[in-house]
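Right, I'll just put the structure down here and ask away after.
First chain written, first letter: the chains are A, B and C, and each begins at residue 1.
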């Protein structure tokens, strides 16, 4: 009897040890991921904070970007995000609706889904060149906010469709059945039950698409971003400034820009992206709370 | 004591005076190459409860869904034979399926209210059918909730989420939702299997009240429930090739006291397997 | 094999009923023997023993109610239980009739017999035979055998007619025999009722097997 007792104790100790080991490894892995991100963020904040002042944020650049502010870049980035979501959200959502609710699930739809997932991985400069050839030249939209938005929207589309598809697929089929059983048509069911239920996921996808658009440099390089514009854009066909491009330029191509300015631009860019991501989380939580109990 | 003829005894339910609401004739259903239902034929009388009973997997729910063509949403489904609703074949290609589903409503096994308010749940159907005026909708919602014996419990909570209700209340809400579009037939697929005994009995009482104005077809696993609640009973079984067949169909009193088929007898007395 | 407990309970119920049946059959036979032998002690015993029959009947009835409440019997199982509950009532009444015979035997005391008993024992034999065979038909689920029994009730009725006329003749001839004659008439009446009840049992067996109520024989009385 005593033997058994000790044997069990030994086993127990063995389990405890391996458990502790596993948790330690997991903790380390988390740290490896989180710590650099936090460090980078802190670095940006510390180095860019001195540049933050009212002039910086609200006036245009002067002296080739060495002095003055980045207001046009902020506005330009804002327009870009808006344009991206305006095009990507409806098209992406409706495409996802078609693929999940209407299309017959066969080899063709499977290939299409695979293609969409892969599109998300295409390098952004490729989108930029596509945008250049198609929107700027073929359709004669020129180097403009419109071209840039459409290009970024194409890139965002893949992610938008995937996110919407996921959201739509999580809507329980019981809701669809209940709606059909009451004599609603398929489209009524989708419009009044499925899409509203999938909204949190769809909106999250849209906001992530927007925040990504804020950070893209390569596509807008080819398609319309300018480094220095004297006036703000007044129509979609105007050229524009953008934060990401501005950062690239002052950091890599313009000599004599103060370090503080560069970090300042970086800080603003990061702040914009983080704000939108935060917004995504908040909206998602809000919508979930109003729909649930 | 004068001799009593069995037939008169059975018909004292008054069933012989009810006309036929649904006539199922030689229905065969296939999922691709697999036959799920074979040669089902029987009548469903109006203003009565018809129960479909049988062991698991014999096709009861499948048969129920034939009656409002809910099987159509499953790809590769093929139905042969006819189902007549008031003498009109519902599998006629020219028939408006959406209107059919308004006339033949369905309540599911697990209560599935929409994630909306109580009011919006009940008003959902009428809104989809074009009713817009809020006074009209309010009337419909109140009437339907009263018919489903739920009004008193929710009349002060109409704007609250339907998901806050108890299981039994949610199921009655689903019944009210079905009633709101003024159906003629209500199909119930094991409506009480997810509910506690008290909620179950409330819904059974509700069924007996509803047949004054509606025809009810219920699928149930629970023999005692079928005995308590139904006027007519259809007993189904699964053949070796897994196709579902109709073994016996008759008044509930007869099926539960003097079943004609030995298979029915064995199932009802629990001697199966 | 499903419902093992239920099967056992159902079988026990039927066995107990058969036990009651044999108790009643014995009592009837003993009552006629006591009459023939003018055995007053035996007759008193029969009267006392009727309580056992009553108790047994209630015991079986409780068991039947139990099974209905706990097992929710359906179809043929239900018909068996209902048949048993009806039959034990008939059996208990038969026991009462036999007790009645015992009481009359005591009343007759040691007065000289009016005539040798012929028809009355024959009635008793017929009645107990009908009882025995109706219970056998129950056990065997034998529809034909059960259906034959009610017709035999006519024979018992005829015997009763005969006894009645004979005793009437005695009473008209000699008023002093009236007391004894009416006692004997009462005994014959009890036997005729026993035969009727055996017929009822047979009808119950038919119901149990077919699910149909059939009036198989209408008694003259």
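The rule is simple: contacts are C-beta pairs under 8 Å (C-beta built on N, C-alpha and C of every residue); 3 or more make two chains touch, one makes a residue touch a chain.
None of the values given here were measured: they were computed from a predicted structure.
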Chain pair with the greatest number of C-beta contact pairs: A-B
Most central chain, Cα average position: B
CA centroid of chain B to CA centroid of chain C, Å: 50
Averaged-CA centre spacing for the pair chain B and chain A, given as whole angstrom: 48
Inter-centroid spacing, chain C versus chain A (mean Cα positions, whole Å): 94
Per-residue multi-chain contacts in chain B, two or more chains: none
Residue ranges of chain C in contact with chain B within the complex: 2-3, 6, 72-79, 210-215
Chain B residues within the chain C interface of the complex: 1-4, 6, 9, 223-224, 227, 256-259, 264-265, 268-273
Contact set on chain A toward chain B in their complex: 104-105, 172, 174-175, 177-185, 188, 192-193, 197, 291-293
Chain B residues within the chain A interface of the complex: 68, 70, 73, 75, 98-103, 105-106, 108, 110, 112-115, 124-125, 128-129, 161, 163-164, 174, 177-178, 180-181
